[in-house]
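Below: a set of structures, written as structure tokens.
Paired with chain B in one complex and with chain C in the other, chain A is shared by the two complexes that follow.
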Partner chain A sequence: MMQFLIKRLIGLLFIVLGVTFITFMLGYFAPSDPIKEMMGEHFDYQTWQQLRHVYGFDLPWYQQYFNFLTRLARFDLGTSFHPQQRAVWDIIKDGVPISVELAFWGTIVTLLLGVPVGIWSALKANTWVDTLNMSAALTLYALPVFILAVFVQILILWLNNAGISWPVIGWGTPWQYSWSDIQYKLAPILTYGAAGYAYYARLTRTTLLEVLRQDYIRTARAKGLRERVVIYRHALRNAIIPLITVIGLLLGLLVTGSFFIETIFGIPGVARITVNSVFERNYPVIQATTILIAIGVVLGNLIADVLYLLVDPRIKTE
Partner chain B sequence: MDTSDKEPEVVAKDTSNANAGIIPAPDFLDLQDIPATSESILQTQTDRKARKSLSPFQESMLRFRRDTRAMISVGALIFLVLLASGGPPIYKHIGGTYQSDFGTPIGPAIYHSYDYQQLSSQNQGPSAQYWLGTDNLGRDLLARLMQGLLISIIVALLVEIVDVVVGVLVGVLAGYYGGWTDTILARFTDLIFAFPGLLFAILLTGIFGQSASDYFGSLPVVGPFLANGNGPLVIVSLALALVSWPLMARYVRGQTLQLKQQQFIEAARSAGTSDVRIILRHIIPNIFSIVFIASTLNIAGTIIGESGLSLLGLGVRPPGSSLGLMIADGADTLEIHPWNVLLPTIVLTIIVLAISFIGDGLRDAFDPHTKD
Partner chain C sequence: MQPKKKLRLASLLSILCALSLFIAACGGASTPSTQKNPAAAPADKQILHIPLEGGDFDSLDPALTSGGLGDPYNIIFNGLVTTQDDGSIIDQLAASHSVSSDGLTYTFTLRPNLKFSDGTPLTASDVAYSINRTLLPATQSDVRVYLSLLKDFDKVTSGTIPTLIGDSLIVKDDKTISIVLSKPAAYFLGALSYSTSFVVEKKLIDKYGNTWTDHLEEGGGCGPFKVKSYSHTTGLVLVPNPYYFGFQPKLTEIQYIIAADRDSNYKAFQVGQFDLAPVPPSQDEVAATKPGYQVVPALASRFIGLNYLSKPLDNIKIRQAFALAINKDLIINHIIGKFVTPSNHIVPKGIPGYNPNLTGPAGVRGTTGDQAKAKQLLQQGLQEAGYSSLSQLPSISITYSIDYKAGADTISAIANEWKQVLGISVKLIGVHGTDLIKQEADTVGHSGPLQMWYGNWGADYPDPQDWLTLFFGKGTDHNTFNYGQNNSSDAAQQQAVQAEMAQADGESDNATRIKLYNDAEQKIVNDVGWITTYQSSYVYSVNPKLQNWRINSLGALATEDWANIYLAQ
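Up next is the complex of A and B:
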């Protein structure tokens, strides 16, 4: 198992390296000159060259990339362009807990709602409960998250007109759950988790139905075991394995969703900072957030691998 | 216990309904988990006799045509495509002459264009002049909607062409020859999967979008089309194509690996058929169904991606139009004029759901497991 983990870790390290290379190269070949833009009206050649030297832009690309990597290795994310000279981490640090919180609750919604609904649907296969659940899940999964977000906002506005007062945008204090915080957080979190919820509900139903067709389930039933034991001890344990393998896909959904949820609901998280930096052409911040997000995804995949090993002992090494 | 007792009864009812000509409930799984009653077995047997001469593809299409949900989706999709491609030129010829803001008379060719602003008529409801009303800059919503649809369809087609050509080429080569093509493909897909596609597209469009707009707008042939804020679309298409082909290549590679083991390939090889001929005549026709299904589902993803990027302000820019841009434009006045947002949202919902249902229907129709 150790050997497998080390192998995976090395593979993941290469992926992170690849991500840093892509983000660096995109910044390097960017058509606009950030320093020229920064100076604006006050452009003069001498200061321009000086600033280029300060930021290290006069070096050849491999040296710049090397410097970039060594700075990263020291957890130094660099200096931002707007506002000038401010550390990138300073700009990002308020967004990180918010995005992590959002992703955490999104995962909770996905797993704690999606899996039970999938089980329920599988147990009531081909009844109206199942049809209703699965139609809802298919719709939620097919619709892009920003459309769901818009529908949710229109619904809240409509309810507000009817009398209740519920906030439409904003986030409240991160990791605090007073009533007003919950009011802010409820709609974005539910919308955020919807796609993952739908995917997991459908997947759980399919895998559970498949497992229930197996011979050992028939044996368990023939032994006279109670239905509850058959489902939860024998079927569900085996149905869980495929659910772990798609955690990577869940992470992709979470990252994609965060861009739209944070933009539409006005949540000041990492994704929103990234989009704003794109408009400001604040490359150091974009590079930093991209790498942070990629590392998050890679770590999530690693956790999925470890879980997989723990749940299914048949996959020892290869 | 009680659930297992109930199940067969309910199932039996379902199938009898289907035989009576009532549309069965949509099923998201293959039909295997419905135990066949003796009646339905008889029916499939007679069916099989009747269409013995059909090719597997025709058989699949026959199954697809019986899928009501998918057929309704095909109808909706054809309607939207016709609306986007044929709508604007017709719409520009319908309507009387009205006064512009400056007191000059204007015809439908002007006020029914997607970028004409009539500031005196903002956020209007449907009228004879503006069939679906106007947005918060006094632009015709129907004209903008049709233009947005057209953009979505063009981007989806462009991305799909790249996706299929590159995905099939790399996938077949990697699956058939293995070796370094395979290794590079595996590494590349790992990278793409670790690096969420949308993030890459945001990076690419954010960094190159503005200069693309300036550059492509000045090109000779395509310039006029790309000038009105549509320039970043080239980057959007490129980004979406770049992140979508590895998945296609992976599907194709898997299928090719399976096919390579089959005896008819071995037979062809022992008869001295060249590799190129084997790939073109024996492998590519056999991966057709998987490519067909994967690209249908990818089209939905591409349309979502394009409108999402435009919504974030990274795709089409004003005065151009895109479904995502229309949503973003209306978002500020959502509380007062929800219609401006609701209209593009509903159309996008319809198009995405229709394509997903078609993809689902195709998958069921082409899946060999659902045959019996």
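Up next is the complex of A and C:
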């Protein structure tokens, strides 16, 4: 197992290196001048030249990339263009706990809704309960998350008009749960959960139905085991394996997986920082968030693989 | 069954209540309170909540921000002079100032007993330090151009000399400082009122370096408010500064809250999360019927730029034809809305020196254009430029920002008018706003990349120089139109206008100065330097309990305004 982990972590290093190279080259060849864009209406040639020098844009591409890697090795992600002179690490560091908190609770809501609904539908397959569940799931799955978020905001407006005071935007204090914090966090978390639950409900239903048709389930029932034991101990345990893979992959996107929700609800997380930096051509921040996503995805895969090994002993590390 | 029935009845009643409240909230026009100076809410309720659209400040450092015209900068920090709501410049930290007879040296005497927000005395050396700091290469300010009038500006910004202190920033004693300019400029005080000249506390910058604005609760400013806390994820909280030389505010706290996009912020305003919010265009009609709705003409315009170095736009008659073919009233009223003002002016209304008698190109009055004259001018222009027919015209394109939908719609409608009136098909090129700004900079001195484009400008300070010399002056970085720097037969005449503007910039007699600018503006408009489409407006919804909060034409509130702002009961 240890050898497997070491191998994967070395692989992670090369993946991150590849991602930095691609991101750097995309930024380098992009038909725009970040310094001119940063200066905007206050452009003057002398200042432009000086700022280009300060940010190292007057160097050849390989030297710029080498400098970038050297800084990265020291965990220095460079300096942001917007806001000026703020270390990229400081910007990202502020956003990570917020995005992780949103994604953490959002994923819990997703699973708490999705898995039971999927099980219920599988057990009531082809009945009106199943049809209703899956129709609702499909509707939410088909609905773009930004529409859902705006719809939730309109619902909050109605609540306020009805005399129930509730905030429309904001996040409160990260990882704090006073009543005021909960008020801020509930709507974005539920939106996150509602947007994602449909996928899990459908996946759980499909995998569980497949397992329920297996011979060993028939055998278990023939042995006279209680239906509860058959479902939860024998069927669900096997049905959950594909779910683990998907959850593992989802972990990789924990930090940046909620672009629309953070933007619409005004949550200052990494996803929103990424969106803003793309609009502002703020390459140091774009590079940093891309590296973060790459690390997240690779680690997520690794976690999924490890969980797979734990849940299904038939799979070997080789 | 009975309890269930009661529950149903209660549910029905609550739904009806909710509906009635909703209808009441969304319903017809309400009359704003006419009561003057209503009683103030208790001190613990004097908390103003302001949304920060799009996120954190670009920087809280007054030497770095590009938003230094208003709050929070002008209430945390102060400068020697400040801009009032009517655009006039008055002394702020300075008790008085005088100008030498050659117009090159400005001497300021500071008010007595000035202090920073931590109680440290503020002297003329602090003023010199702050202005000099903005200009040092290490500060990396991209807005230092506001101080470009200072003697040896180029030398200190390029690092040729280490400091301007003792050179063009002369500290005579603790209360007196002289600033020496490279040329006489009547608009200097206007440029000096921008945040790049605000006084900052050296002690804090020495202690924390580039991150000093993260520690402003320890001091650093000298305005009527001081920082209580600042977080890059939640926002900024200000409280009154007990060491301020002037008024003590009625507000006990101002919270700048990091918020979302304009639509979401407006919804948050509606539920009481904020006390004010810009109104999204989609909500304007409804917002206008509610109390607290404010529309203020902005010192900002949108215009179509035309490059004199790009054929056939080097011909004045063809330029005039493009300008007069547009019915601005029709387009603006149908696309933008009635809260903006169609205009022919380069210098917008509200700037001292605004010329109410200005006429459009070829002497045409009004903003509906003159389509018959446009056709006539086009034919004359084609003849002058040696084109036998429209088909011989080189292709013409107009570039616009796709990030501003109403702007894109405006350009599409204008191109349609050009096609209908002049028979010219203009190619539309949509780019991102940031790319458009870059292309504008690249067009200076070149025939491209831009031929025509849809640009915009907002005043840095209320002076005609910021609209005329800045854009059409000789060799300026903003002369993207290549006015006076082209090969057309009108170039010599344009250069004479540039000389006239340069003369106005240094003229000390205000009446003469305004006259020179008015004349130059009329000549530039005749030559279609740019085609103004409209003068913008600031549209806000404000909590009806919020008293005396009214944004000025610069999109800001003067520092003194904050003395009277409070929340009523």
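We take it that the second predicted complex is superposed on the first by the 271 of 318 C-alpha atoms of A that agree within 3 Å, B and C clash if a C-alpha of one lies under 4 Å from a C-alpha of the other, contacts with A are read in each partner's own complex, and residues count from 1 in each chain.
The rule is simple: a residue touches a chain if its C-beta (ideal position, glycine included) is under 8 Å from a C-beta of that chain, and two chains touch if they have at least 3 such contacts.
These numbers come from a predicted model, not from an experiment.
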If you stack the two complexes on chain A, which partner ends up touching A:Gln85: first (chain B), second (chain C), both, or neither?
second
If we overlay the two complexes on their shared chain A, which of chain B and chain C does A:Thr206 touch? Say first, second, both or neither.
first
Chain B versus chain C as contact partner of A:Gln50, first or second or both or neither:
second
Tell me the contact category for A:Arg272 with respect to chain B and chain C: first, second, both or neither.
second
Which holds for A:Gln153: it touches chain B only (first), chain C only (second), both, or neither?
both
Figure out whether A:Ala30 sits in contact with chain B (first) or chain C (second), or with both, or with neither.
first
Figure out whether A:Asp58 sits in contact with chain B (first) or chain C (second), or with both, or with neither.
neither
Check whether A:Arg281 is in contact with chain B, with chain C, with both or with neither, and answer first, second, both or neither.
both
Set of chain A residues, in rising order, touched by both chain B and chain C
31-32, 150, 153-154, 157, 168, 263-264, 279, 281
For the complex, give me every residue of chain B touching chain A.
1-4, 7, 10-11, 14, 25-29, 33-34, 187, 190-191, 193-200, 202-204, 206-208, 210-211, 300, 304, 307-308, 311-314, 324, 327, 331, 334-335, 338, 341-342, 345, 348-349, 352-353, 356, 360
Per the touch rule, the chain C residues reaching chain A in their complex are 14, 17-18, 21-22, 25-26, 54-59, 64, 66, 137, 140-145, 148, 154, 157-158, 210, 232-234, 257-261, 263-265, 267-268, 270-273, 434-435, 437-438, 441, 457, 477-478
Across the complex, what residues on chain A touch chain C?
31-33, 36-47, 50-51, 54, 82-86, 90-91, 94-95, 98, 150, 153-154, 156-158, 160-163, 165-171, 173-174, 263-266, 268, 272, 276, 279-281
Which residues of chain A touch chain B in the complex?
11-12, 14-15, 18-19, 22-23, 26-27, 30-32, 123-128, 131, 134-135, 138-139, 142-144, 146-147, 150-151, 153-154, 157, 168, 202, 205-206, 209, 213, 221, 226-227, 248, 251-252, 255-256, 259-260, 263-264, 274-275, 278-279, 281, 283, 286, 290, 293-294, 297-298, 301
